[in-house]
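The following blocks contain the structures, represented as structure tokens.
One chain, chain A, appears in both complexes that follow, with chain B as partner in the first and chain C in the second.
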Partner chain A sequence: MTNSDQRSDEDAIDVQGGYSSGIAVIDPEDSFTDPGIEPHRPRKTDLFPEAEKRSARTVVAWMVLSAIGAVAAIVAYVVFPIDGHDISTVRPNNLFLGLGIALSLLALGIGAVHWARQLMVDEETIDIRHPQRGSEEAQAGALEVLDAANKESGFGRRTLIRRSLIGAAVLTPLPGIVMLRDLAPLATQGGDPAELLRHTMWTAGTRLTRDPDGTPIKASDVQIGSAVHVIPEGLTNETEDWLNKKAKAVVLVVRLEEEDLIEAEEKKSWSYHGIVAYSKICTHVGCPVALVEQHTHHLLCPCHQSTFDVADGAKVIFGPANRALPQLPIAVDDEGYLVAQSDFHEPVGPSFPERAL
Partner chain B sequence: MTTTESAPAAAPRTFIGKASNYLEERSGISVAVKEFGRKVFPDHWSFMLGEVALYSFVVLVLSGTFLTLFFQPSMAEVEYHGSYAPLSGMHMSAAYASTLHISFEVRGGLLMRQVHHWAALMFVAAAGLHMLRIFFTGAFRKPRELNWVVGFTLFVLGMAAGFTGYSLPDDLLSGNGLRIIDGVLKAIPIVGTWLSFLMFGGEFPGSVIISRLYMAHIMLIPALIIAMIGLHLLMVVLHKHTQYPGPGRTNNNVVGYPLLPVYAGKAGGFFFIVFGVLVAIGSLVTINPIWAYGPYDPSPVSAGTQPDWYIGPVDGALRLVPPHIESVIFGWTFSWNILIPSLIFGIVLISVAIYPFVEAWVTGDRREHHVLDRPRNAPTRTAIGAALMTAYSVMWAAASGDLMATHFHVDVFLVTHVLQVLLFVGPVVAYFITKRICLGLQKKDREIVLHGIESGEIVRLASGEYVEVHKPIDEYERWRLVDFTSYAPIERTHPNADGKITFGSRMRAALSRWFYEDRISPVKPSELTSGHEQPESLPDN
Partner chain C sequence: MKRTAKKTGRRSPLASVALLGIGLLFTGGAYVVVSQTANATSASASASASTASDLVDEGQKLFSANCATCHGTSLEGTGSGPSLVGVGAAAVSFQVGTGRMPMANQGAQAPAKAVQFTDEQISALAAYVAANGGGPEIPDESLLQGNGDAAHGAELFRTNCAMCHNVSGAGGALTEGKYAPALNTVTPQHIYEAMVTGPQNMPVFSDTNLTSTDKQDIITYLLYVRENASPGGIDLGNLGPVAEGLFLWIFGLGIIVAFTVWLASKSN
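Let's look at the complex of A and B:
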């Protein structure tokens, strides 16, 4: 290939409408010529009247089938009612009603397409394209209109009006944006968000109870290796905002052999005879960490597979989470039931910007 | 004598005649019919993907409207006493209870829910495939760049519509999805906590999110989608459809079938086929059995749950991050483990959105293009597309990492590590393989033009030599194979007015070399005449 037929000059003007062809390699001297549209090949239905008649009958048959489908759907609606006491009646209703409607739609569609493909004239036709930009006159005309508008309004000349107009137009929508503020309650009504995220329903002395029946848990009932899903005592669906509270307060209690536990010095008193309680809300983006692997003492988050080691402070050993699950300090009350020593000492769940402030 | 009114044409007699006359005198509709009635549409199966998306959207509006008649977008708590016995007596939101009501007590309600959900999956899938078609055939080139951006917006809006709809029933699965959204919002630097509170009206989950999503799902997003579809189709009409290269197809014409009647017949029929297929699937295949998941509760979760397919890549990207990347700067927490994957996903999306402009800049080509590229004839673009698709697929696969692990009995950690590597290596490998394949196919095309098609017939020459007979191809077939332009890299960089070579022009030259270094030009007549002695004259670089 010689250099002469390359147009690497971006400003080169191509024959085509005076636009740059960029680096396209175009060589009008040495290229094939377009042979033009292929001759039309007649279909069977163009050649044989019987074939045409057969096709026409087929189309009619599809339309009749479609009508039958529509009627069948209505019949199915009536003869397969749903009985409120028998859930198994839902299935036939869904199935036969659906198949009736589907038949009616499909047959109509197939019939129409068959008609278009077999019977309508299928000679290709040609439309001419015009360059996308308007003609010179059209562009000149548009310019004239804009000029006139400019002159008659003085938009270009009256700078002060123009600037004040723009200023006003920028400010006018602002109230609409400000009004979105009340999407969330005011700090004075609902509390400061970051502050709310730092606290849960747990307080000193709150009993640990089973999720969801709310029965308290005797320390002696927690078997080694077992895991109990826990909510604070008194959290029921009667509680105000119970879902919000539950979304922060759920805890997983696990009992290990005491010697298997690796505990930080300041957290030694947070467990009770190998029983530890950790927040169940993943520190990644907040799914419940509900899968317990018995042998390895690992907690697995089903959402993105973050894995926490219960034996070692629930620290992250795999996955996208950054922080260990917060630990709930626990003790036992006079009756031998597990209770919280206090609330969590750090916010539970996903990180948020003010978390460390 | 003067007449102020032109005499009306002879009064029509038939009903249709009268009706159209009525309309004509009030709208002058004849102008539009005359202008557009015979508008030509080229025919190709790949042009139907956009139609599938459009028709699925119509099905969504129809089935969705039916659902609004029964659905209650409220988180008010109710005790369930409907016909689904396993949940009897449970506390749940009115939204969840009404979805159970639609499923089990309204005749055809379950059908409409399932049709709606399948249509949603089909809508996003068809829009995605349509986008791939546009990309790989270069249909986004001038003058269609803006329509590419509109189409891209539609794809994103489709994902948003799907996510908001999926969340409405307030079941356990979708509630967990919202919880993940809450976590991701909170990761946004500085303002994250506030954004989450504004969205949920306080702490997660609050009691307003369902009605807010409902507003977005049935009004805001559909309205935007309809506006964008309108714009999209308007531009299709303005630009006229592109066509594949072929005999008689030039940059200055469009060859195909007229709107009335053939195209209208086919497209109209096809709408009913798409609708019918969706209803058939909806009546045969269960989707999103929310009764099996139970109402939302922040405590339980089951393993192996999957978001709808189009959310998969986002979810997967979140999974591929290694642990312990978060930092505290001036007391503010920055959760890179969420920001980085979101950013990567965002970069993939944005590079898709701006690709037409980048390619136009690199080629400097400012002509209009109405004849499509066959993907093999634009090897670098095709390879870039394959690389982007690979990155997308790896993220998508990551969303099912746990399922793959249990299915193939391998460690989920291992699966994750493999995917982490693949996310970076996969696109590169895909790029090179695809490019080689394209160049190979181009060479094959040249072979065919120069030597004809291998007929499979072996003959023995008088000399005793065996050769395979090559059948020459006709001029129509040949045109299909040679009608494309090849591009040469910018060889020199241009000094600007001050005689300096700017960084921009240097970069452009480098990019252009990367784009067009490996190229194979179409066979030229001069090669054909001398072609038999000279099997290939490929530019070697």
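Let's look at the complex of A and C:
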């Protein structure tokens, strides 16, 4: 309490000069002089009765225009009905209804402002700003109350109680934060949301099918330079929770010249004659990465320009993403269709707290 | 003239000429009718065969004069241009028919510009390239009419094309100065050819990936978007939230600022 007493004393000294200088250095010779208030200049409407009459007519004209706008909006609503089966009828309805309402409101506002500016009493007055600092008595009174409260409660004296109170107060909101975990959509299906993020629909032997038609893809159908957008076999709009499943499982299949592929030793068996499959979910914040360039083999994320090199393990070559896109190991089944060897070997998409980096 | 001759009973000096003319006309006309009816199929086939080989020769001349510097004298490619063996007539029709080739200068991407060859010259070049290695052919007219399934086309477009070309085909940026061009003025034939051949950095969408019917549907969708006004109001070029935000920041806020200035100003 003694500290705050001292501070208020210093403030009091500062205020003696009539203003609080803060830390600014004020040079009296260079200081800004108050220009005062410019003299009152009467308006045309105050000087000439014709001008006043003209302004009054203008205000009335705006009000009439506003009324016309309101009526026009109602007329437009009747004349341009929205036909539920024809989306092109929405546009004239919205356009003319909106124009009518806008005219009505805008003209009302402009008329009112014009009235105030031109015709209402034009007196300039000065409101002096009241001092923000309280009186000495009020400040002393407030300090007395605080001091008394501190003495009566023993808040300053009983340090153990005070610290335990602060500690408990810090922990109180934590259950709420922990419960946020249940907001994860996957948690509604039971189980650990982190565990569900680690797995996708892909399993050993799942055929790669075209998005959105769901037709399987023969390896011989994928030409060099092709890009095929792929979903796992059996994923349709009727699949339970299909959007979340699709959001994790979408894959981009491209075929490069085999000699262009740079593959890590342990991933050599994951491609098939230059056909590689990568998760389409950006490792930055999960946008679908699908802007693939045929000759540079660059795969660009449209959200934040993360760029991956499809020829080199989809490693990051530009942008904020931190990890390469997960690769889906693929093979070919007896009938020549592309199948997954297994699920992805790492979680797809952006990082989450439980993910080991 | 004959009538004059009968009246006077004397042969006009022009009568023999007229007779000769009528005779020639008759035999010529008869020959035309006979050859058209009897030899219609074989005659046209042999005619197109001779013009086809003429076309290839013509194309080779044009190629040597205009393309061989970069693509090699026998389409094998050089350091400045890729090999054209197997790219097909569709690739030539697209690249030359949109003015992308010949390139004005080496750059990140060959832009579409004024077409430098006549349709006949482009056909000749296409015939020459197709005759040396085959490849995708120029699509059939029936696929380009925009009479497919627009809804299915839209679904395919969103999955395969929209990430680069924008959901309404307004185009978009790629890496290092490259871009996906806007599709709203591209002819259906060139759209089809681009899908089949994968020009520049666009991936190839061969018939084994998107069937010709799929491509017809995609063209139908693009033509539908082109021909139907946006029901929501001014589309601002369909460029998306950045263009729309900029418009609001400049014009929306500008109007508000102008009103505020007017509100706070002193009246005269």
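Basically, the second predicted complex is superposed on the first by the 261 of 357 C-alpha atoms of A that agree within 3 Å, B and C clash if a C-alpha of one lies under 4 Å from a C-alpha of the other, contacts with A are read in each partner's own complex, and residues count from 1 in each chain.
One rule holds in what follows: a contact is a pair of C-beta atoms (placed from the backbone, for glycine too) under 8 Å apart; a residue touches a chain by one contact, two chains touch by 3 or more.
Being a predicted model, the structure only gives us computed values, none of them experimental.
Undergrad: Tell me the contact category for A:P353 with respect to chain B and chain C: first, second, both or neither.
TA: first
Undergrad: In the superposed arrangement, does chain B or chain C reach more residues of chain A?
TA: Touching more of chain A: B.
Undergrad: When the two structures are overlaid on chain A, which partner does A:L328 contact: first (chain B), second (chain C), both, or neither?
TA: In the superposed model, A:L328 contacts neither chain B nor chain C.
Undergrad: Return first, second, both or neither, reflecting whether A:G225 touches chain B, chain C, both chains, or no partner chain.
TA: A:G225 sits against chain C, while chain B stays out of touch.
Undergrad: Of the partners chain B and chain C, which touch A:L338 in the superposed model: first, second, both, neither?
TA: neither
Undergrad: Examine A:R43 and indicate which partner it touches, taking first as chain B and second as chain C; both and neither are also allowed.
TA: Once the two structures are laid over each other on A, A:R43 reaches chain C alone.
Undergrad: Examine A:Q118 and indicate which partner it touches, taking first as chain B and second as chain C; both and neither are also allowed.
TA: So A:Q118 only meets chain C here.
Undergrad: In the superposed arrangement, does A:I87 touch chain B (first), chain C (second), both or neither?
TA: both
Undergrad: Touching A:P320, do we find chain B (first), chain C (second), both, or neither?
TA: First partner only, chain B.
Undergrad: Touch check for A:P212: first (chain B), second (chain C), both, or neither?
TA: A:P212: touches chain B and chain C.
Undergrad: Going by the contact definition given at the top, which residues of chain A touch chain B in one complex and chain C in the other?
TA: 87, 90, 94-95, 113, 117, 211-212, 229, 288, 290-291, 302, 305, 318
Undergrad: Write out the stretch or stretches of chain A touching chain C in their complex.
TA: The touching residues are 41, 43-45, 87-88, 90-91, 94-95, 113, 117-118, 210-213, 217-218, 220-229, 254, 288, 290-296, 298, 300, 302, 305, 307, 318.
Undergrad: So in the complex, which bits of chain C are touching chain A?
TA: Touching chain A: residues 155-156, 159-160, 163-164, 172, 174-176, 178, 180, 198, 200-206, 208-209, 228-233, 262-263, 266-268 of chain C.
Undergrad: Residues of chain A touching chain B in their complex?
TA: The touching residues are 1, 6-8, 10, 14, 16-17, 19-27, 30-32, 34-38, 77, 81-82, 84-87, 90, 93-99, 101-117, 120-122, 124-129, 131-132, 180, 183-185, 190, 193-194, 196-197, 211-212, 229, 231, 237, 241, 243-244, 246-248, 250, 280-281, 284-288, 290-291, 302-306, 316-323, 349-357.
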